[in-house]
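Once you scroll down, you'll see the structures, which are given as structure tokens.
In what follows, chain A forms one complex with chain B and a second complex with chain C.
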Partner chain A sequence: MAKITFITSDGKTKTVEGTSGSVMELAVQNKIKGIDGDCGGVCSCATCHVHVKPEQWNLTGAPDELENDMLEFDENVSEYSRLSCQIKVSEDLDGLELTVAK
Partner chain B sequence: MSTTTNGQVCVVIGASHGGVNFAFNLRREGWEGDIILYDIDKEFPYHRPPLSKAYLTSEEGTEQSLLFPKENYEIDNVRLKLGIAVESINRDSKFISLSDGSVQYYNKLVIATGARPFIPPIKGIDLARNLYHMRTAEDAVNIRKAFNTSSKKQVVVIGGGYIGLETAASLRKLGASVVVLEREERILARVTAPVMSEFFTDLHENNGVKVLTGKNVISIEQEGDTNVVVCDDSTQFEADLIVVGVGIRVNTELATETGLNIENGIKVDETARTNDENIYSIGDCTYHYNPHFKCYLRLESVQNAVDQGKVAAKTMCGEEVVYDTIPWFWSDQFDVKLQMVGLSKGYTDIVIRNEEAENSFSAWYFKDDELLAVDAVNFAKAFVLGTRFIKSGQKLDKLKLADLTIPFKPNSFLAE
Partner chain C sequence: MKKSTISDPFKEAREGKGFGEMNDQNDPVKMVLGHKDVRKCAHNWKTFQSGGEEVGRIVVPSEVHIREIRQIPFEVDPPEHKSYRDLVDPWFKRPLESSYQASLSEIINEVVDEALDKGVIEVVEGFSLKLQSRALTLLLNIPYDEADLWISWGTHVFRSEDTALDGDKANILYDYIDAQIDKAIANPGDDLYSVLLASEVNGKKMTKEEVKGVLILTFAGGRDTVINAVTNSIAYFADHPGSLDRLRAEPEIMNTAIEELIRYFSPLTQMGRVVTEDTQVCEHAVKAQSRISMCWASANRDERVFDRANEVVLDRKVNPHVAFGFGTHNCLGATHARQIMKILLTTLTQKVKSMEILDCKENIEDLDEFKRKVGYDSINVKFNKL
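Right after this comes the complex of A and B.
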């Protein structure tokens, strides 16, 4: 069980609990605004873009090559960008805070 | 919202990518009334793209790729009526007639009926053993079952489009011997440039799939337990499993019968509305205006279904929006990820940029100096940057684009 907090573009904060699947799926399930996951989680659409807090970067780890390629030229990319469909929910993520990208 | 929708009923015909995403977006936009979705498919609404890809090669059921979790339908009070066909639409009295003999009244109606596989006029096709299309979860289950129980694992795929090629790749990965029979002189002829057809032919050949073009299948005969697929040049191919992927037919019958405008699909404006102000249509079945490319389009894609659904939901809730998206698509075959953005139709020249990594390149389609589309093969950066350039209309220097010594960066390719 991991508690993950999403901060959406309207400044609202929502904490949800998950045990399995991807962070994108968890967000869709909990109707987090701005996370759509249109491609179903195959790293093809970038509609699940989030920013990780720098001090929590070690929790999520860095993106792999494909994910990095999808993010590099995204207009809202940051040093701590991830596509949440590529982050697996596990206990290790407990306390994670993610800001949904615009 | 300007007016209350409490007590109103929005009925959606078709519960796949378009209909389901529309329904949840409608609730999100503030619709207070009922939302009822009908689909003849009994399966809980699922992602279609994985069916020909990861789903075929995995042991998971479709449960693994539901569009939304079951509890979300309860939470958002989206009522799902599966396994029920809609038989007609009565626009004067605003109700639909259902296959169970009942009727359902609506205030707003959304037609998201999509398309069905085209069944080519091949002699003996209705008698063929283990012959399937690839559109529904049931199709994928049947193909997997037929493959697992077949003794020779000989597969013939009729049609070298994306569906056929993805299915061929998946079955080949599982160890099948696969032959793809394409009627045109090259695979993917309808949707890509020759350079892409060539690349995917090589990819399949290198992975042991036989890709044969100029093969017009005229009959399927039975020989004991196997089928024999016969082409008009007298060549024959044995198959204990046949997958047919030769395009689709749009499900416009309901719309036609009730007198909605039909033109290469259900004709809608840029807010996804038909010529009846209470009826919208979204997804594969629509013929809609694209402001960027300044033409009417019919698209077969998840992106189109989802995005048009979002626009319809906003419009229905009183927001002023137009559907103005650059179309994008993807396909996974073997270890190759193809991502496409834009529409290459009418291109005058193509710039190819080969990356250093093997099987990694991008094709940039121009009409004179206007970038129309980009196909990116194992190179998502080109897909992302291409999308940006197409949207912004920035002029590019084609020589720089083709020059590998110039690093792949947003400002590297802009024309002086």
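Right after this comes the complex of A and C.
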């Protein structure tokens, strides 16, 4: 079980629990504003873009090359950007805080 | 080569100079071919604009001579683009609602049942056009029967057999939309026309012209693209019965299968932009006021990004395709199109044992330097019941 907190563009904070699947799927199930997951998680739509807290970057790790490419020309990218469909939910992520990019 | 194969005519140019050149009605287009360059140009809306003075110029072939109405939000740049897009986005997400999906499922079951009853059917007119038209009534939230008229227009509403673009034919659609807008003004309902007419953008009421600009785009952008996606899917599964069986046995790969088919088909080959300042694409100078295009179909076969780029890999997990565009103007109709694909594939796995292509005539786009198959003019397919 991992507790993950999303901070959305309207300044609201929501903590949800997950055990499996991707962080994008977890966010969509919990109707987190700004995470749409249009492509279902194949890394094509970038509607699952989040910013990781710098001090938690080691929890998620950096994006791989293809994900990085898609982020490269996305709006509002930071050094700590990830596509949340490419992050697997696991115990290790417990306590993670993500700021939704959109 | 199988009948359903869609090959990649861009490979050599993409891996060589990185761009192609197309003369389109004496207004040449520099076609950007690589995945990264395409994304870069799509991202850079200031230098490569959609909303220039000359309406219709970003479409390839150019519609400058046949259209005066600006398509919205397609031919508007940021920041105005966002105001329009925010207005229409929620409406175009309606395909995520379960009632919408139930109605769409009825529509798709009806065409699949008809094909199975008839046994042999010409898929473009007899299946895909009907499916696409009836599904569009859901997107516009208008009565189902309205689709009969659109079906009667045939597949060539914008294009006729001998010329790529046909102004008279386009006028049929524009006059029709004018009449529908007047009807909605006289008698407002809960359809897209009425909803837009009652909307405000930046504190100003949407004008008739603006509403028309949105509707023309909804008709034009969602027609050939969906027809090709549907027809090409039928052709693919007819040629690959094992793939249909696999999808039946492993419904969990449905999502990756849809995205992969869309990548492989790339139903919209390219879209243009007008260059606003002297600059470079692919290390090659381009002048202000000239045109470039982003060739989604080529980017989607870029081997630097996709392993086995010319194969359909139904469970491709990471698939950063740009078939629905990239960035600001990414496809507004994608939610609708994806639902169509999902319900179509599900229905096929439930009802169809196999299909067989009897004969077909390919639809080859003439892009000057390149010839690209985008679908079929006609294709006769035999449907076998499960």
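A few comments on the model shown:
Rule of thumb we're sticking to: the second predicted complex is superposed on the first by the 102 of 102 C-alpha atoms of A that agree within 3 Å, B and C clash if a C-alpha of one lies under 4 Å from a C-alpha of the other, contacts with A are read in each partner's own complex, and residues count from 1 in each chain.
Note that a residue touches a chain if its C-beta (ideal position, glycine included) is under 8 Å from a C-beta of that chain, and two chains touch if they have at least 3 such contacts.
As the structure is a prediction and not an experimental result, all values here were calculated from the model.
Contacts of A:Q29 after superposition on the shared chain: chain B is touched, whereas chain C is not.
Of the two partner chains placed by superposition, chain B and chain C are both touched by A:S44. Contact with neither chain B nor chain C is seen for A:A101 once the two complexes are overlaid on the shared chain. After overlaying the two complexes on the shared chain, residue contacts for A:I87 are found with neither chain B nor chain C. Once the two complexes are overlaid on the shared chain, A:E72 sits against chain B and chain C alike.
Residue overlap on chain A between the chain B contacts of one complex and the chain C contacts of the other covers 36, 38-40, 42-45, 66, 69-70, 72-75. Remark: chain A residues 25, 28-29, 31, 33, 36, 38-40, 42-46, 66, 69-70, 72-75 touch chain B in the complex.
Those residues of chain A that touch chain C in the shared complex are 36, 38-45, 66-67, 69-70, 72-75, 86.
Chain B meets chain A in the complex at residues 24, 28, 47, 49-50, 54, 65, 68-69, 71-72, 75-76, 302-303, 306, 328, 330, 332, 337, 339, 379-381, 383-385, 388, 410. The part of chain C that touches chain A in the complex is made up of residues 35-36, 39-40, 42-43, 93, 255-256, 258-259, 305, 316-322, 324, 326-327, 330, 334-335, 338.
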